[in-house]
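Chain lettering (A, B, C and D) follows the sequence in which the chains are written, and residue indices restart at 1 in each chain.
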Amino acid sequence: MDSALIPEGAKRCAFPKFAVGIAIVGAVVLWGVYAMLLCWFKGLNQTNMNDNYGFALWIWADLAVIAVGGGAFFTGLLKYIFKVDELKNIINFAVIIGFICYSSALLILAIDIGQPLRGWFIFWHANVHSMLTEVAFCLSCYFAVLTIEFIPNILENRQANKIPFFHHLAHNMHGVMAIFAATGAFLSFFHQGSLGGVAGVMYGRPFAVREGLLIWPWTFFLFTWSAAAFGPCFTLLVTKITETITGKKLVKDNVVHLLAKISGWMIFTYIIAKIIDTIYWAMVTAPGLGFDISRFYSDNSFYGYWILLTEIVICGVIPGLLLIMKSTRENPALRLVAIILGVIGVCLNRWVMVLQIMAIPVMSFDTWALYIPSWQEVATTVLPVAYGIILIAVTYRYLPVFPQEKELNSVEPAAETK
Amino acid sequence: MSKKENKNESGSAESAGECTAGDTKDDKGLGLGVIFFILAFVICFLSGTLLFPKLLYSKKEQPFNFNHELHVGETGDCESCHAIREDGSFNGIPKLAKCQECHTETPLGETEDEAVFTEMYVAKEKEVPWYVYSRQPDCVFFSHAAHTKTEGMDCVTCHGPIGTSTNLKPYEENRITGYSREIWGQNIWGIKKHSWDRMKMDDCAECHKKETGHQGYCFQCHK
Amino acid sequence: MNKIENKAHKFGMVIDLDKCTGCGSCMVSCMSENNVPFKEDESNKKDSITWMRVYKLTNGKSFPDTEIVYLPRPCQHCGGKGDHGHSPCVSVCPATATDYGYDTGIVSQIYTRCFGCRYCMGACPYHARYFNWWDPKWPEGMEKYLSPDVSPRMRGVVEKCSFCFHRYQAAKDKAYYDGRDDIEEDEYQTACTTACPSGAIVFGDLNNPAHRVHEIVKPDPHPWPNNPNVVGKSRNPNVFRLLERLGTNPKVYYLSEREWVRKAGDNYLDGEWDKIKNHHGSESHG
Amino acid sequence: MKVDRRSFLGLGLGAVAGFSVSPVLLKLTDDSSIWTQNWPWTPVPVDGEVSYENSVCSLCPGSCGISVRKIDDRPVKIEGLDEYPINNGGACLHGISGLQYLYDPARVKSPLKKNGDKFEEISWDDAISVIAGKLNDIRTAGSPEKFVCIADKDRGSVPELFKRFLKTFGSSNFYTMPGFESYLKLTAEAMHGKGMTIGFDLENSDFVLSFGAGIIEGWGSPVSCFKANASRKEREAKLYQIEPRLSNTAAGADKWLPIKPGTEADLALGICSFILKHNLYAATAAVRFKGGLNKFAAQLQNDYSLSKTSEITGIKESEIEEIATLFAKAKMPIAVFGKGKGDASQSLKEFIAVQTLNCLMDNINKKGGVFIQPVKTYLEFPEETLDDVAKEGNEKPRLGQYVHDLFEKINTSSQPVVDTLFVYQSNPCYALHDTKTIKQAVGKIPFVVSFSSFLDETAKEADIILPVHTFIERLEDVPSGAGLSKTVVGLSKPVVKPVFNTKLPGDILLLLAKALDGTVAENFAWESYDECLETVAKNIWDSLFQDGYAILEEGVPEESVEVNVAFLTGNPSSIQATGDGELMLIPIDNMRLPSAAPAASPFSIKTVSDEVLKGRDTVVEINPKTAKGLKNYDYVALTTPVGTAKVMIHLNEGIMPGVVGMVKGLGHSFDNKYVSNKGVNINELIGPVIEPGSGLDAAFGVKAKISKA
């Protein structure tokens, strides 16, 4: 039915099956869209956020998708700038994941603000001292870069490629992609960092505040670093999931191993920095403000030391080590465990840096504020996931995302008819 | 042009099938394209400059005409009617009671406008629903006392030579914002020749910067 | 004449917690003065807009040694680290919807500029900032009591105490009219101050030694030796500020003769209070 | 000419480029920015000229001076009036919220007549003629005493007009709701002679011993008390607070002495006993006591030894000794009574016991002490002319001594004892104990007329509602009372034109009187209430009108006063709470919640803590020791002999173990979503307990049980 669009030589499932799958996920999208419309038309009272929880699930989702979307910029950086050529076999997919993550982040932000129609004031009346301004500018610019990076891949669609203009455009764009990759890496460095800065500069919140370098608190660098470290984990994880669902091998092991290795070393170094940061904060910064570290992890029914331990050791040190060591890295099961832990780890870190900050009382007579998101928040947070699945399904089906697919899955020469 | 042609040529050559015929056609198409481009450009530019303002503003007539020149002549100055109250606030457009200090139900003059005024408003004790050219959004605070009393500015600097006018100009209401055209200024580009041509925040800030060295903090003009 | 603009004020407040009865007059006076909306259920204090909120503190002891104190909390109008005007909230606002008035020390909030990202709320440790989760609605006819001095807010923006800035504007207008170059202490008083039946709130210019607030607080203009971020520490041993150690430098001071109350104003490690409690603003500059 | 893809591309690009370089984008950006900043549904308050008008608040007996800020004709803010003799600036939250009462859409907007279950609007003329018809029928039937009126208070020209209306009609059945003012008079009458009242010079006393008086909870004249309390610090005056719960007054006091609920009188007598035993009383005091002190002292020694007092009250002997000594040694001590706000149910024995302490220290009519003097009158009404019906009616005995007796009588009589009831500005169906029986009694009355601004619980039971102006729209004299050391009459002035189709209560009475047969009309010959007030208050009118107030009495009175403790020597028994539960439920007076009419405003409800009201649930306080594993905000069923309620609990270390504290002022059941249908009305859980000797409803609490719900 849609075979004319399917990449040459690639085998895809029957269209009805595909359509059913899309419809199921589409229903989730519609649910999310409904919740989104509720939030827009009825206001943010649809959420369970409150004056203690000005930042909640959405901002976490935002930070998390941007962190895991960091695979795009980092892979791009490695491929185009550091010329790690093997990565060309996964770069398309990394870019698509990045595109999904960043578009989702922008969408969530558009729902999250109280007056969405004035959201552009962040550009129009920008306060250059605000980390959020930096985030907004870099995020938007980098999204533009990701779109540009994504375009050539779209143009490689069999039908689109037949149009000479598109064909050339795609070709030429590939040629200059290094420039965009560099720009993207630069922008990413800043917005990943400034997202970390968002928490780190809140000097009224002893749990969040960090000292730092010039105007940038340490969280700035930690966020960038962790995004670079865990982003590829997510790229690998989604690749793995796609491979499982399609039942095909799409990327060669050496590529996977390479990315995993790089990710492993990044995680390992990151986690050392994170540990140093945590120790300094726990021993110096917070006590200097009158807070014993136990204040952050006790007297409430949810946030305990377990969260710190999980984030740093179980989802930090362990995946780092698993990916560094050749034997575990090349063991598919352990590698999978490591990348899953890694993704959980970075999401947990973002959770802590958004929600735990808000939960902790600062005034001595204040109380812990715990929060459970409303279904509207959950639905709008699931929305990007569902949208991501659809976009991946569609791009996988119609675009030559994985250059090694053909090679790895030798199909009988074009049996399909036009 | 030729460069583009070449590109197109090579493009056609490389692409399979379909666009084999017609360098000339392409050429013609491109020519048409350029013409269309120029045409659309000019039309859109002109309509954006000339037609757009007409669409953007709806003209509203004041309840009746008011001759500022005549009244200034009678009273001597602006402050007789547009006064700063003892608490330092500004009375804006005077209430009917102020007018009634001179006007009774018997007209003072012979104009049609005054007849309307006395019949419709003075006799019925009804306030005149003037459209206010300089009305600012609710979030704006403005102290007339600070400007006229303390700094000795005259009314003209911001309001223009309204005191010498004999007719009220039509009130042009911005269909999007609901505010008067005077705020953005008559010039659709927002270019001003006189200090009174525009009344936007940037104009306040500009003058403040010049006169006080600082554009002021938010609360100076916002409430 | 320009003096009104040029002389830098630093408006602040000192609240005598031994006098405060928790009666709620300040809260209601503030709501009424500033067009604060209300809704059907205001018992969830986490979504109830109260620019002035009165906290109830207890000493944590069991019956019959329990003690209570009420602590009214307006916006603290933080001067930020080193009192340079980079308040926790001002520095984070992406759209410049809030700024620090260096001429008054008052932190503004411009509702029409704010687009509701709520970063400022996260940054404020005092929960002094409130979000309009709902469209403010007044029961039919009740919008007639709204004051034109403060613009009503809309859904989706943040609002907070302004130290009744419109009263400052009104006082200045009166001074302009009279041809005076500055306002008197009693001409500019916030709505909570004038409403307090106990006279627990004293408001004035912390830069003006003749003002009562200055007399009580005796702010130390020099950085506190223990923490250079802290400026304006009181030299009155009974006066403290909330979360002073964070370096937010609030302009709202509190006064209490009870030690446990003063201790509750900030966070201390075990045993730290006893070491730190007698460190007031440097005496040498007194 | 073939228009192909490129032409379209050119067209599109050209259009985009054309618009881009035209001012459209810039202008639209700017306009849309302004558009998004000014939504049409956000109200824009109209600006205008600022003016201030002075008046007096009559929401509570406090009678504070207020200053109303207006923008043109529109009041926008109420504040305390500087230099006013009672509050001198400062105001309480209810007064400040006054405009919410004024503009409340839930107000009664025009006269209403009940038709079945619903109210219908009727004209004033119709309302007056229906009521007059009914009243004329009663007079024709020769039973004018069956016309009864309940008002909020009995001082001031409007209550006087009601009384006059009843008297000339032929009924002596005028009742007031329980109030501190009337308790003061009752106590003074029992101890010091008829026509006397009591005032406390709190602002000059150096030691205040308060028997549960919520000095900063709304007791007496609230703002005046706040000021006196606040000045303690500078005056180095002490406050000792005796009550079962750490109220705000207790928290602000120099010492809080938790006491078993309902034993305040015993403690006062125990202290008396100690003072007498150790000869700590003032030498000059003895002569004041009628019949001398010896017999009284002997009786107290016997009944109230230290150990006995300690046992009864739960206060340590050493502490009783300490407070007795401190009280006696203080330069100008003062003992104050009236638990909570001093209104609602109270015990005369307790009042007299506490007042005896004052008398023992002989702080009577001294600066910083207790002022005992005749009630000051300032109104001069012309002599009534009564016709035979009226004369006969007035001869008949009253239906009861107090308002609760009235309802008791109605409920227990088989014959209808009341034919027509006027309820003026009070809400007995909400504010009296055991509201269910009160409602039942009101239901038995054939014709009920409510003079009310709001459709409250009692108005809902009425057959006709006559809406009256709120205090902001009213002209009225507002005499202060409430235990102040001075008597001030304020003039409430109409600050704004009536918002709805309402009238002054005085004017309504004039209209009614004119429609009645007999001599009633001629006793109300004034053209209007305005004229009436000016005439009857002529002695102080100039001062009232010009200054907004007239001071009737200020400074230390010179009266020499006798003390009569006969009530105590008659050995009255103490009040016992009814029921058999293991816990004692006591009401809590909260400054932020009015306990009687009118109900709270939206603003004041907004200030109420979530430890008092959570969603639609009342939160009761119990000591963690009593909680038995219950946690904060657990639901419990609270059962008393009178009723059961589902409430939440809050663990409070500041309440005695064994005691449950429940706030007064919640649980209204009328149509106003902001203030009504929130929580439980405690009066539904407590029944009246009549004090022997005084006949007062003196229920201080009720035995209760809680079980997890």
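By definition in this document, a residue touches a chain if its C-beta (ideal position, glycine included) is under 8 Å from a C-beta of that chain, and two chains touch if they have at least 3 such contacts.
Please read all numbers here as calculations on a predicted model, not as lab measurements.
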Starting from the Cα centroid of subunit A, hunt down the chain whose centroid lies farthest away. D
Name the chain with the Cα centroid closest to the overall protein Cα centroid. C
Chain pair with more C-beta contacts, B-C versus A-C: A-C
Please work out the Cα centroid separation of subunit B and subunit C, and write it as a whole number of Å. 39
Whole-angstrom distance, CA centroid of subunit B to CA centroid of subunit D, is 57
Per the centroid of Cα atoms for each chain, what is the distance between subunit A and subunit D, given in Å? 62
Quick one: which residues in subunit C touch 2 or more of the other chains? 44, 96-97, 112-113, 135, 151-152, 154, 170
Residues of subunit A that contact two or more other chains, please. 115, 118, 121, 124
Counting only residues that touch at least two other chains, what does the list for subunit B look like? 85, 87, 89, 137-139
Touching subunit D in the complex: which residues of subunit B? 25-26, 28-30, 32-49, 52, 56, 85, 87, 89, 91-92, 137-139, 174, 176-179, 184, 188-190
Which of the residues in subunit D end up touching subunit C in this complex? 37-39, 41-48, 50, 69, 71, 74-80, 87, 89-93, 96-97, 99-100, 102-106, 216, 222-223, 226-227, 229-230, 233, 246, 248-249, 251-252, 256, 258, 499, 591-592, 602-611, 613-616, 623-625, 653-657, 673-674, 678
Which of the residues in subunit C end up touching subunit A in this complex? 44, 46-47, 55, 57, 71, 81, 86, 88, 91-97, 113-119, 121-127, 129-135, 154-158, 227, 242-243, 245-248, 263-270, 272
Which of the residues in subunit C come into contact with subunit D in the complex? 16, 18-19, 21-25, 27-29, 31-33, 35, 38-45, 48, 50, 54, 56, 58, 61-64, 66-70, 112-113, 135-136, 138-148, 151-154, 170, 191, 194-200
Contacts from subunit B onto subunit C in the complex sit at residues 84-89, 137-139, 141, 143, 145-146, 149-151, 212, 217-220, 222-223
